[in-house]
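As written, the chain order gives the labels A, B, C and D, with residue 1 at the start of each chain.
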Amino acid sequence: MDFISQHAVLVVSLVKIAVVLFLAMTALAYLSWFERKVVAHIQSRWGPYYVGAHGLLQPLADGLKFLFKEDVTPPASDQLVYVLAPFLALSLALTTLALIPFGPPNVRVFGQPVFVISNSNIGLLFLFAITSMGVYGVALAGWSSNSKYPLLGGLRSSAQMVSYEVSLTLSVVGVLLLAGSFSLNGIIESQRGHIGHWYVWPQIIGFLCYITAAIAETNRVPFDLPEAEGELVAGFHTEYSSFKFAMFFMAEYANMITVSCLATILFFGGWLAPFPESWTWQLYLPGVGLLALALYCAYDTVTSMRGVARLQLAVFTLLALVAGILCLLPAVMPLVQGPFWFITKVGLFLFLYVWVRGTLPRFRYDQLMSFGWKLLLPVSLVNLLATSFVILLGKRG
Amino acid sequence: MNLVPVSYYLVLSAILFGLGVIAFIFKRNIIAIFMSIELMLNAVNLAFVAFARQWNELDGLVFVLFVIVVAAAEVAVGLAIVITIAHNRRSLNVEDVNLLKF
Amino acid sequence: MFILDHLWIILALPLLGAALNGLLGWRWPKWAVNAVGIGSVSLSFLSVAELIREFLALNPAQIPYFERYFNWISAGSFRVDFALEVDQLSIVMLFVVTFVSLLVHVYSIGYMAQEGGYARFFSYLNLFVFFMLTLVLAANLVLLFVGWEGVGLSSYLLIGFWFLKKSATDAGKKAFITTRIGDFGFTVGILLAFWTFQSVDFGTIFNQLAARPAEGATSIGALTAMALLLFAGAVGKSAQLPLYVWLPDAMEGPTPVSALIHAATMVTAGVYMVARMHPLYSRAPLAMFVVALVGAVTAFYSATIGVLQTDIKKVLAYSTVSQLGYMFLACGVGAYAAGIFHLMTHAFFKGLLFLAAGSVIHSLSGEQDMRKMGGLRKRIPITYWTMLLATIAIAGIPGFSGFFSKDKILAAAGDGPYRNLWFWLLGLVAAGITSFYMFRLIFLTFFGKARYNEKKVHVHESPKSMAVPLIVLAACSVGGGWFAAPHIVGGTDYFEAFLDPVFASYPVEPLASGQASLPVGGNESAGTALDPQAELLHAVTGPPVIAAIIGLLLAWWFYIRRPEAAKRAMEAMRGLYTLVYNKYYVDEIYAALIVRPLLWISTSVLWHVVDEKLIDGTVNGVADAARHAGARLRELQSGNARSYASWVVLGAVGFTILLLGLWMVR
Amino acid sequence: MSLPFILFFVCAGLAILGAVLLIVSREPIHSALSLILVMVALAILYLTLGAEFIAAVQVIVYAGAIMVLFVFVIMLLNAGVEERTNWSQMAKYAGLPLAVVLLLEIAQWFWRSPTSARAVNGTPEAHPTHALSVLLFRQYVFPFEATSILILIAILGALVLAKRQE
């Protein structure tokens, strides 16, 4: 817990926070692009296309648009809370990132781990603590904007989040029992080895429960009741416009990322590589992957791009090329392993999210609730009991 | 590491408790009164934790845990009661709920 | 030694019977009630018989035989055990009580056959027996007092047995209250005893008494006071002057009750008590004198009243009073044995008289007035003969039980260590009067021509259940005195010899002032040189006998030979006649002197002032205070949670201040 | 003025501010928010006291569950601004002074109490959470079970009370 004992810590932490925030923002922006693209392709459309090559500049445009739009505040609303809600939502969503280890803790600067802002040994608890606060954003937004759809939406979503939070937490306890630690790095370390040691196998039920609860927790399809357009216009953020709306939007994506990171850490060995240590060729994978990306971009630039778009894509190609070469340098190579795998896994999860959204229809509210309480909760409880039982047997034998 | 005297924490808890008492006396909304009770509980918890820290005994923390658990249960029931009252008496003002008297 | 080891059985049986009959009897058939009631008493009689057998086998060292069961009261040094004691005296009493009770029970079957509350009656009787036995067996004053009050209670219940009759209930109350006056003295006496001897056990008291010197004939010390106080109780219980008034009225009760309680047993409790406490009295000459005085005067006085009574039972009642007077006279002159002896014989013949009278009343279906009787001699022979025997016995005709006992008493009065000419004279005259009114009763009842309405009343002899006890008692009243017979001819008096261990252990100290020995028959020099024939002749022609004969002749003259002579005699002494006829107006005087003022005080002061103003005022005042306080205080409960909270805070503040203060002090 | 002091005073100030806001704000939801503020501040203080587990639980249960319930109920009942009524004279006149006195008393009590002089002593265990769990499941296992039963009963009670509405 000694995150404020020396002042060096403070400085380093601040730097790390800045970096993480920047990356997170970018990631959020491009996550929206990613989502739109994927969903579009699932629905056999093109998706954003015109702003930049493959609509790569679309997030930028959206951001500008949000910034310059008129900010409407309903007169009957509770001003303070109305403003507070989105800030609360976004800030909490981003705060969670402070606990996520993107890479091994042994990579240090000034004796401080690089890839994690706060390496608490009960990080998971804090994570849950912060996510549990996430409800307020929604609830307060729904209440403060003093109109019936938001209120209903707020009520629904807060109820939904509270309900699913229970099974979310319970589904994780199994992993905690196996790892015997609250510290995220500890959990990851306890999965060291190869893909066979990941907790997804012993805790497959826990994982399924977790992923379901997580989707519900983040109000995503098929559990996106809060913004069920058909029923309540846009749920709790109906009255919100321009940047406040954007904040909710970002908060949602931030939560997605957080949850995906957590899934990665808990069930898929976090920043660990899927292959045994002995396979040294895997060290080249990051660089090679980037180079491959660069190659594809180059091809695309040459073939199907015109004018400005072509220029942009060229720049992107260049960036990818440099990054790939960097990753192949022996000095850098070991450092990027952790982040590479971590980001890859998280990306897969995000893809899963989008995939699910593009595929599944929406639940009805009562179905949602009964599903959460009558199926998910019991299952995760049984899973917990079974796990602890097995562990006890193991201790005996 | 931590150099702040425990007595600071204790005084803080005392102040919070006093404020909780004041809130309890002066709030009229049942829910607000409920919250002031929670405030008092928190103040007590702080005192517990502070003492636990001082004597380097964890029992205080155990007590806090129990306090929190009991508080959760209490709130569950209490709010249910509040809802019932609100439905029956169409008011959340504690002073409208005064049937239990001479 | 079974019974001797389990004395409680004797008590338990009647109590059990009482409980059963009293609680369940009302739903039982008659035979069951009889079985329980009589069964219990007869069993306890049998156990007493067994007890006597065992007792005689006992070696004298073990007497009095003491049996302690449990500690009943223990307050500081005041300690009372539930303990029983058997010695010759209590043996005699036990025998008399159980024997007569048994007979009376049997008698009651027939007598009460037509009455309601059959089971209740028997339960009361059993209860009485229980308490009487407790009284007799008690080993300390307090337990004796329990029995004392217990018999009082059952007497009250039985006198008022027909509680629908106002006169009966009044009589019951009168008996109870009058006795209570004496009992007050008795209670104080007990306290005084404890204060003096630090104990209420007879044994302890007597041992300490043995150490004490006798008190003077004129000075009143603790002992004298104690003796007099206890005697007050006896006076009440045994209907002596001036508290005798309740006994005649007690005749309102069923006749068996009169026979058992008001003739044979309960009323003699006083005598028993005095005899029991004789060590005390022996050391309080003044008390002895008072006892003798009261006894003698009562004997004479109530005998005179008996002369003019017309109600057959009233006559017997007054006669009882006077006979009790004799007993006290005996105790008073130190002849305890004689007193107890007379107690026993009296129990026989007076019980018999009452039962016979009851039989008469029964045969005349409820007629009690002798003026409406007469000529029953042939109609109810059994009753007649038994009653005649009893009368002869009580009159003191030689050969019958009464003769022996009464003769001994008079002898003691005239020649005993406490001899006193006046007592002797009173006793003598009373004896004459006794035989007069008793034969008057016989003549009025059984001789002459029938004065009742022969059409209406169908005279019938009583059933066997009543006849048998009569016969048995008749036998006893004839032969009951022969224990003492040899004494007449200079032999030993077995009865006295039997009781001797009790009374001889604390010898009666003769008065310092020697009085001239009077030539008054009896046996001044017991069985000395004089030859038996002369002794016998001397005895059977002694003044008591002569007096009895005179009384008999007078009665015959007035009520058979010349009935009009009686009227002329009345005319002659009209004033005296009315005075006596109205029992010397004692009841009226009491009413005027005591009852009415008491009533006045009770109503005007105690009731209207003390009770209504003081007590009710206090109670209601308290209640009102509480109500008003509540009315004010309830305002605090405004039903407003916030004010409650404030109160809580107030308490918290106070408590914290307290803590701080304590901590500052520390 | 070292960092811990700054942190302490910031958190303490926030806590007190929250408490005051709880009193003064007449909108129940504002009271709820300020109470949440208090709780979070207290959680941080717990951290500074080395009770990180308690801190986490504080946030999860109190801020994350209990207060959510409050907010939820407030939204459900649509509790409006509380009206001013002065029915309780006792509370009006005696309440505030009493409460202040109490506050002062306790504060003075703690301040003057023998513990006040010295700072936090001793170093906490290497794994306080682990030690706590041991304590909880060994020594305090019975109370622990009791609380679980209590919660069960509370759930039932809440259900019953809520059902009665239909």
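Definition applied: contacts are C-beta pairs under 8 Å (C-beta built on N, C-alpha and C of every residue); 3 or more make two chains touch, one makes a residue touch a chain.
Everything numeric in this text was worked out from a predicted model, so none of it was measured.
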Touching groups left behind when chain D is ignored (all other chains fixed): A | B, C
{"item": "Number of steps on the shortest touching-chain route linking chain A and chain C", "value": "2"}
{"item": "Per Cα centroids, the chain farthest from chain C", "value": "A"}
{"item": "Between chain A and chain B, centroid-to-centroid distance (C-alpha), Å", "value": "36"}
{"item": "Euclidean distance of C-alpha centroids - chain B vs chain D, Å", "value": "6"}
{"item": "Length of the line joining the C-alpha centres of chain A and chain D, rounded to whole Å", "value": "31"}
{"item": "Centre-of-Cα separation between chain C and chain B, whole angstrom", "value": "82"}
{"item": "Two or more partner chains touched - positions in chain D", "value": "4, 50, 53, 57, 65, 74, 76, 87-88, 91, 95, 99, 102, 106, 109"}
{"item": "Sequence positions of chain A contacting 2 or more other chains", "value": "none"}
{"item": "Multi-partner residues of chain B (at least 2 other chains)", "value": "1, 21, 25-26, 28, 95, 98"}
{"item": "Chain pairs that touch, as defined at the top of this document", "value": "A-D, B-C, B-D, C-D"}
{"item": "In the complex, chain C residues that touch chain D", "value": "638, 640, 642-643, 645-647, 649-650, 652-653, 656-657, 659-660, 663"}
{"item": "Chain D residues touching chain C - in the complex, by the definition given at the top", "value": "87-91, 94-95, 98-99, 101-102, 105-106, 108-109"}
{"item": "Contact set on chain A toward chain D in their complex", "value": "1, 4, 7, 10, 78, 80-81, 84, 120-122, 125-126, 128-130, 132-133, 135-136, 139-140, 142-144, 151, 154-155, 158-159, 162, 165, 182"}
{"item": "Chain A-facing residues of chain D, complex", "value": "3-4, 7, 27, 29-30, 33, 36, 43, 47, 50, 52-53, 56-57, 59-60, 63-65, 68, 71-72, 74-76, 127, 129"}
{"item": "Interface residues, chain B side, partner chain C - complex", "value": "21, 24-26, 28, 33, 94-95, 97-102"}
